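Single-structure report; data block below.
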Amino acid sequence: MALILDVLVQFVQLALVLSLAPLLTGYIRKVKSHLLRRRGPSVLQPYRDLFKLLRKEVVLAENASWVFRVAPYIVFATMLIAAALVPTFATGLVFSPAADLIAIVALLGSARFALALAGLDVGTSFGGIGSSREMMIASLAEPAMLMIVFTLSLLAGSTQLSSVSAFLHGPEVGLRVSLAMALVGLIMVAIAENARIPVDNPATHLELTMIHEAMILEYSGRHLAVIEAAASLKLLLYLSLIGCVFVPWGVATAGQGFGAFAVGLIAYIVKLAVGGFLLAVFETVTAKMRVFRVSDFLGAALMLGFLAALLLFVSQSV
Amino acid sequence: MTDLGALLAKATLLVPACVAALLALFPDDRLTARLNSLGALVTFLASTGLFFVRPAAGPFLIVDDVNVVFIVLTTFVGFTTSVFSASYIAHELEQGRLTPVYLRFYHAMYQTLMFAMNLALLANNVGLMWVAVELATLTTVLMVGIYRTPAALEAAWKYFILGSVGIALALFGTILVYLAARSVVGEGLDAMAWNVLVKRASAFDPALLNLAFVFLLLGYGTKVGLAPLHAWLPDAHAEGPTPISAVLSGLLLNVALFAVLRFKMVMAANPGALAPGPLMVTLGLISVLFAAFMLYRRHDIKRMFAYSSIEHMGIITFAFGMGGPIANFAGLLHMTFHSLTKSAIFFSVGHIAQVKGTQAMAEIRGLTVSHPVLGWGLVLGVITIVGLPPMGIFMSEFLIITSTFARQPVLAVALALGLLVALGALLLRLNGLAFGEPRGSSARTEASFVPMFAHLSLVLAAGIYLPPALVSWFQYVAGLLG
Amino acid sequence: MDRLVLDVAHLFAGGLVLVSFLLLYQDRMFGLLNTFALHALVVSLSVAWQAYIQLAPHLYITAAIALVVKAIIIPVALHRIIVRLGIHRTIETVVGIGQTMLAGIALVALSILVMLPITAEAGTLAREDLAFSLSVILLGLLMMISRRNAVSQVIGFMSIENGLILAATAAKGMPLVVEISVAFSILIALIVIGIFLFRIRERFDTVDVHALERFRGEQL
């Protein structure tokens, strides 16, 4: 009975994540519009967009292969699993042994791989540009991400997200400059991976400035809906990751009962709101970087990750 | 007795410092030169007194067997150089290469340099010695750039950067030495005093000492001019005023090497530490071979003799790296002789440059015909520096090679090769400079020849007969060096 | 030792290494000056903390000197010099910034590997600080090597000095000579910078050391 209840809670998390993702995207758009003194679209607009796209007909290029048709579902599936594994309102849920940081990075990598292939598949030049730029970013962002993971797991003694979160919530952490560096690095990686300003403009229609948008330029109908949902899920995933690791207060542990879960849920929604607000402010005040500068930006994130790991290594060796 | 010694030691330091302050204020140029020489003379006399009376070793100053001869040598060469400088600088003033303001600056810096070098030699505290070497570097940097031509500025800037980096590394090495000493001796001034360090060095942590010595050798080695850290040396010698080249080659390189030697003594006292020998031998041999081959392609006379300085510093470092009583003895002798000879050579080069108005060797020919005293003085100087008998340098080089041959024949052969190559280059150039048809202007020399011949006669005399007291002193110190 | 005390010291020392990397990352002159001011600020905070832990009040003077001279006076003076002499505002590097940073990481790893085993007998705090100070020194050397502009080379040299200050205060109980040498270095660096930059400016249009190479004298 308890097991069924736990599994149910896990599925609640999955559903929560899936339903909150478009809302988060809409909320960020709304905040940005208000900062620009516009009214902006409603926060529920992404839902409406998704439903509209689901009902529309899919238009495929003549030379599109099966990769093109399958890729959106691969991307969505991996993204959903990854997002479901990251603790939101509670740690230690049923699937949490599988919620390994490295596994999450691998899932994200698979999604990126599928999407890049899809961008190349139809043979258009813009798709090629998008895929090659995406891979350039990935070649720097992924090592940076792994160094950050390394730092966190050096501290917590495990790569499992629940343990990391629990450790960082506990008293033995102390004041650590490595954590600050890991946080800044993770934020930089998150910005790059989610195609946000200053790396990529999610609202652009100029193809030569696109990275993420260029890869999905050929998609329409339900394929596009699925890919858009996956992109929202990715943003939610990164925000939840930052929240559960660096701002772990309020998270419940499994088995604490519905009261704690409710508190955890409220805390989670507050964290998402604050994170989304900060992201919107940051995007509004920063300008987009030229593409060749992105490597410097991500190189800095990589260096931060390296440095954080080195400093941690020093303090643990003495 | 020790009070007198303390007074003399302090005089060796205070006299240059006060004279420097005075010279910065005095406007009259001829008087400043005379005051400069007078101050140097007084310092020299005070330091000779240290031969006979010594103060007790304090936390900051010490006069022991190792540094007493160097102090006397430094103050002596400082005095003779000031005499040379007095007439040389007056001529530079006439020619308009220097303005009176800079003249005051020059003399004040000269005395400050003397102060700094004396302090470095007399210091008992490792940190104080470091401060003194830094001060010496800075004063020479300012003096090298004094002509303010683009080439001089470039030389001074290069010297500043490389010298400062060297000093920074040396400071790190100093801190490490203090750390090693602190765990044995305890905190405070004692952990930085030479006499305490040498006595207790056997208990220090060897790994820490090793790392410290690497940094110190690299740091102070830059100031000694060992290849590959020598890049500042040729330019600094060529572009600065000649008295400064003489002081750089003759004195400052010695002082830096003295610092390395002190640390070598500390290392030698610790059996577990890395043998400092091989490192020094390698650097020394590289310097000798490199400089010997570079001597062939030089077109500027001062630059050529600067490379000769690199070569000789390499020989000395090699000798101390080989270690053992004979090699150390020879190294000490070589330091003294090189100091005297190289400064004498630079005196003559200074005369030549003033007379001919150029430093390019292609323009200078037939000196023995047009200026006999100067020409033959140069010939004598070059014969001395390449190590031909009966001059003193022959003896020291001979001792180094034979003592090395007994232990490491291959190294001895390499060293001999370097020496022969250098000999060939210098004699070839000397032939062009001193003999043949005179070329260039035939103006009379205005400056004094006395310092140059004083040095050379000393080296000649020492080559023929070295007083037994001096021999036994050198041998004693050679034993201390390990 | 108290956990918090160690953590704060580690924070400052690690922060200094981070700011050294920031120095390497800069490509604009004014940004470089501001970052250097931050570098000096972190050093002075670190020294002040050491003074507090070691109960060595004379180190407060060192911290104050580092703060006033290096964090305030020198950056302001350099700012004025740059404006007045019209020095190039972008910093040309010898290799790209990415490779420089990678080399920097390698140097930090090297210095940690070298220093930690050697200092096994010293206290935890001293060991960390010495490893980090060697990293800062090596990063400063890297900066001097990889820059073409005289001002940035001088700033690299001053960051080496900051690393040395950190090392000297980590070596607990080093006598007053430290303050003398620190003050000395600062003073002289200031004087010489002023004199040299001015003199160089009199003859050339830029303070780019590349332009100086034309006057190298004889090539090797």
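Note that the chains take the letters A, B and C in the order they are written out, and that residue 1 is the start of every chain.
Everything below uses one rule, namely that a residue touches a chain if its C-beta (ideal position, glycine included) is under 8 Å from a C-beta of that chain, and two chains touch if they have at least 3 such contacts.
Values in this document were obtained by computation on a predicted structure and should not be read as measured data.
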Checklist outcome for this item: Most contacts overall join chains B-C
Checklist entry - In terms of CA centres, which chain lies closest to the overall middle? => result C
Item to check | Gap in Å, rounded to a whole number, between the CA centres of chain C and chain A | outcome: 38
Checklist entry - Can you give the whole-Å distance between the Cα centres of chain B and chain C? => result 31
Checklist entry - Taking each chain's centre as its mean C-alpha position, how far apart are chain A and chain B in Å? => result 66
Checklist entry - Taking the complex as given, what residues does chain C use to touch chain B? => result 114, 117-119, 121-122, 126, 130, 134, 137, 141, 144, 150, 153, 157, 160-161, 164, 167-168, 171-175, 177-178, 180-181, 184-185, 188, 192, 195-196, 199-200, 202-204, 209, 212, 215-218, 220
Next on the checklist: Under the definition above, what is the set of chain B residues touching chain C in their complex?
Outcome noted: 125, 127-128, 130-131, 134-135, 138, 141-142, 145, 148, 150-151, 153-157, 160-161, 164-165, 168, 171-172, 175, 178-179, 182-183, 187-189, 191-192, 205, 207-208, 211, 234-235, 238-239, 294, 297-300, 303
Item to check | Sites on chain C touched by chain A in the complex | outcome: 3-4, 6-8, 10-11, 14-15, 17-18, 21, 25, 97-98, 101, 104-105, 108-109, 112, 116, 124, 127-128, 131-132
Checklist entry - Inside the complex, what are the residues of chain A that reach chain C? => result 174-178, 181, 295-296, 299-300, 303-304, 306-307, 310-311, 313-315, 317-318
